[in-house]
Amino acid sequence: MSLEPLPRGATAFVVVELQNDLVHPSLVGQKGLSGKLAEAVQTRGVLARLARLLERSRDAGVPVIYATKERHPAIPQPTQPRIYKVAGGTPKLVHHTWGAQVVDEVAPRDGDLVLARFVSIDPSHGSELWSILANLGATTLIVAGISTNLAVEGLVRAAANRSYRSVVVENCCASFPEEWHRFSADKILPLIADVVPAADVEAAFGAWS
Amino acid sequence: MSLEPLPRGATAFVVVELQNDLVHPSLVGQKGLSGKLAEAVQTRGVLARLARLLERSRDAGVPVIYATKERHPAIPQPTQPRIYKVAGGTPKLVHHTWGAQVVDEVAPRDGDLVLARFVSIDPSHGSELWSILANLGATTLIVAGISTNLAVEGLVRAAANRSYRSVVVENCCASFPEEWHRFSADKILPLIADVVPAADVEAAFGAWS
Amino acid sequence: MSLEPLPRGATAFVVVELQNDLVHPSLVGQKGLSGKLAEAVQTRGVLARLARLLERSRDAGVPVIYATKERHPAIPQPTQPRIYKVAGGTPKLVHHTWGAQVVDEVAPRDGDLVLARFVSIDPSHGSELWSILANLGATTLIVAGISTNLAVEGLVRAAANRSYRSVVVENCCASFPEEWHRFSADKILPLIADVVPAADVEAAFGAWS
Amino acid sequence: MSLEPLPRGATAFVVVELQNDLVHPSLVGQKGLSGKLAEAVQTRGVLARLARLLERSRDAGVPVIYATKERHPAIPQPTQPRIYKVAGGTPKLVHHTWGAQVVDEVAPRDGDLVLARFVSIDPSHGSELWSILANLGATTLIVAGISTNLAVEGLVRAAANRSYRSVVVENCCASFPEEWHRFSADKILPLIADVVPAADVEAAFGAWS
């Protein structure tokens, strides 16, 4: 299948959580979830491909928004969701530290926007993403980042709830284990989004000029 | 693992979409997604088990809320999410018809509450569920229904976003194909909820008296 | 000032709470807040003027949505906000009763949509209004109804939060006492909405053809 | 009237928008809305009184959260709400500048939390305030700041929508003109909140020990 046209002037790009403490190349080979996520991102070639696609997006006038997760010392970690116990160990993604920043290779440029959140699984919950998208006149989201099953799928579900169209850039996403990425990308996401490779998005930008 | 205690006076039960047009026993063997869902619900014995658990819940003073999906003639189906094309065919779940009602075996009783929605994938989006739960003083949700991967998982994700605790009654949920149910129940949901059989919830109620 | 053009195909009309138990003409002269509201609505000529404007709207292809407030026996009235104590007395606006229906003179027609809520002050909170508007492609709301200061202003504030444009039909709104209506219509609403008479909205529809 | 007891361990304090570009003492006497707001804050003695009350709150273990408004260069000002034209002139409250910071006299301390927003009128819209409050177990908000009619009232309305209790510290709020403050504090807010002087809140803390 090929991607239906993207609405010029009404499309925005959201990059999900590609932050140093989660996927910095130096984490590859380390123990724990971050080591595995960093490896998945490296193996799939996400960063270089996404860096190129973000350049194309900015050139095409598409607003680029980063949705990040941070940990704030004044907010206790939720006690119930097990995911926070899995994370365990040394606090990561701490507000105002290097670990919470987006990795250099796909880092925000002047004119991009970074929306951090402290609590939710869905990167758009408790952020002004929807108000800002309305403000920009955007009705279609291009989505990339990690992890495919949790935050990326969470954002796409939130978009579907609000009658937004989502386009997931499958080869700019990753999860661990790979089987999880495949389940989300092959089974769930196609029900509520277009799931395409970066090349299809570039082609859709090309059709604008 | 056994279920940690449920907070008495602060627990509510949410039943997701067990509506006639989706899972009525008469659909078993019919073509299409509903036929398969109805079969999964029957094979797993969801209705009888849930009916019993709901009785226990009402006896224990736990508020029972039904979150349903309806189709309203004044609201066009979303055009983007493929899920609506998959559904296709004759309109289902039409507002004010038998097909939109919860199946008899687990139907609402006097004092229960039915919250219908028309658009979203997440059964709590665009309903007053969260305001009502706050009003009732509930901080913990027991969740059952269909389909495990979409609406049930959607509700549990929404609860995690809001720092609510969720308890998913695994053997009162179903999806099609079974592999999808298993993925959600075994991989994703345990990260953000307690996933337990009905017997564990009954035992938790028993501990209250 | 005259009203800037309304976007054709992207404008929807929301009618707020003109329900029998609040403003039915038979209440005029009765004690209590409803008697006073009904009188304000009658004195200002809201119903006849709005009935005409709604006809013009439907003729112009503008979707008409009713946002109503209902009381559900399974939901306890909030105990804190004093507004619920002020209301006091016999329960009003009870779900599935005549009192909860919109008054005949401006009642919904086939193809209109009624969105009831049970808890919130803002008529759009805990309803699917925003998802439905996105679904319809609407970015501009025309708003009329009662009471100007609470539910009408609440909806307009909610629209401003989401970067929607609102047009308040000032002579199709009412509050009690009149001083309250004036404060909202003259001071607060002009900061976040166009505040115009019905004739201006009709003129804006006229400009479409 | 005296204030009903505040729930220990379930009460949080939210300070609304007392930022340098809006109310810094050096603005008193200057032209424009900020000059007038700064004067109202000074005349009413808000900062010294609030500084003392915040100390009492921290001593009593009440979490203190600041809800601020910022302007981000990547987000266009909304074009519709007139309030943004009224503001006009040199951009204020710019992200990462002194003008966007809370004034020194009531500035955040270690352990406090600052939640900035870029778009909404309601300081809680598009922030994680509600998720964080749920996380903290808070069901009651103490609210102070500016301006009474817009952001403060907006937050209190949002709390009422969600079945939270609000306590507005009337002599720690301000608006311009004073008549506007009086309308909100005397007419609207008492319908949906307790409206009390700082001394009553201090007394309620005193009752905890």
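By letter and in written order, the chains are A, B, C and D; residue numbering begins at 1 in each of them.
Just so we're on the same page, contacts are C-beta pairs under 8 Å (C-beta built on N, C-alpha and C of every residue); 3 or more make two chains touch, one makes a residue touch a chain.
Only a predicted model underlies this, so the values are computations on that prediction, with no experimental measurement involved.
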Same vs different contact residues, chain A with chain D, by half of numbers used: same
Angle, in degrees to the nearest 5, of the Cα rotation that carries chain C onto chain D: 180
Geometric centre distance via CA averages, chain D-chain C, whole Å: 28
Centre distance in Å when chain A and chain D are each reduced to the mean of their C-alpha atoms: 33
Separation of mean Cα positions, chain D and chain B [Å, integer]: 39
Junction residues of chain D, two or more chains touched: 78, 119-120, 125-126, 130-132, 135, 161-164
Chain C - residues contacting chain D, complex: 78, 80-83, 86, 119-122, 125-126, 149-150, 154, 157-158, 160-166, 180, 183, 187-188, 190-193
Chain B contact footprint on chain C (complex, rising order): 63, 72-76, 78, 111-113, 117-120, 125-132, 135-136
Chain A-facing residues of chain C, complex: 130-132, 134-135, 139, 161-164
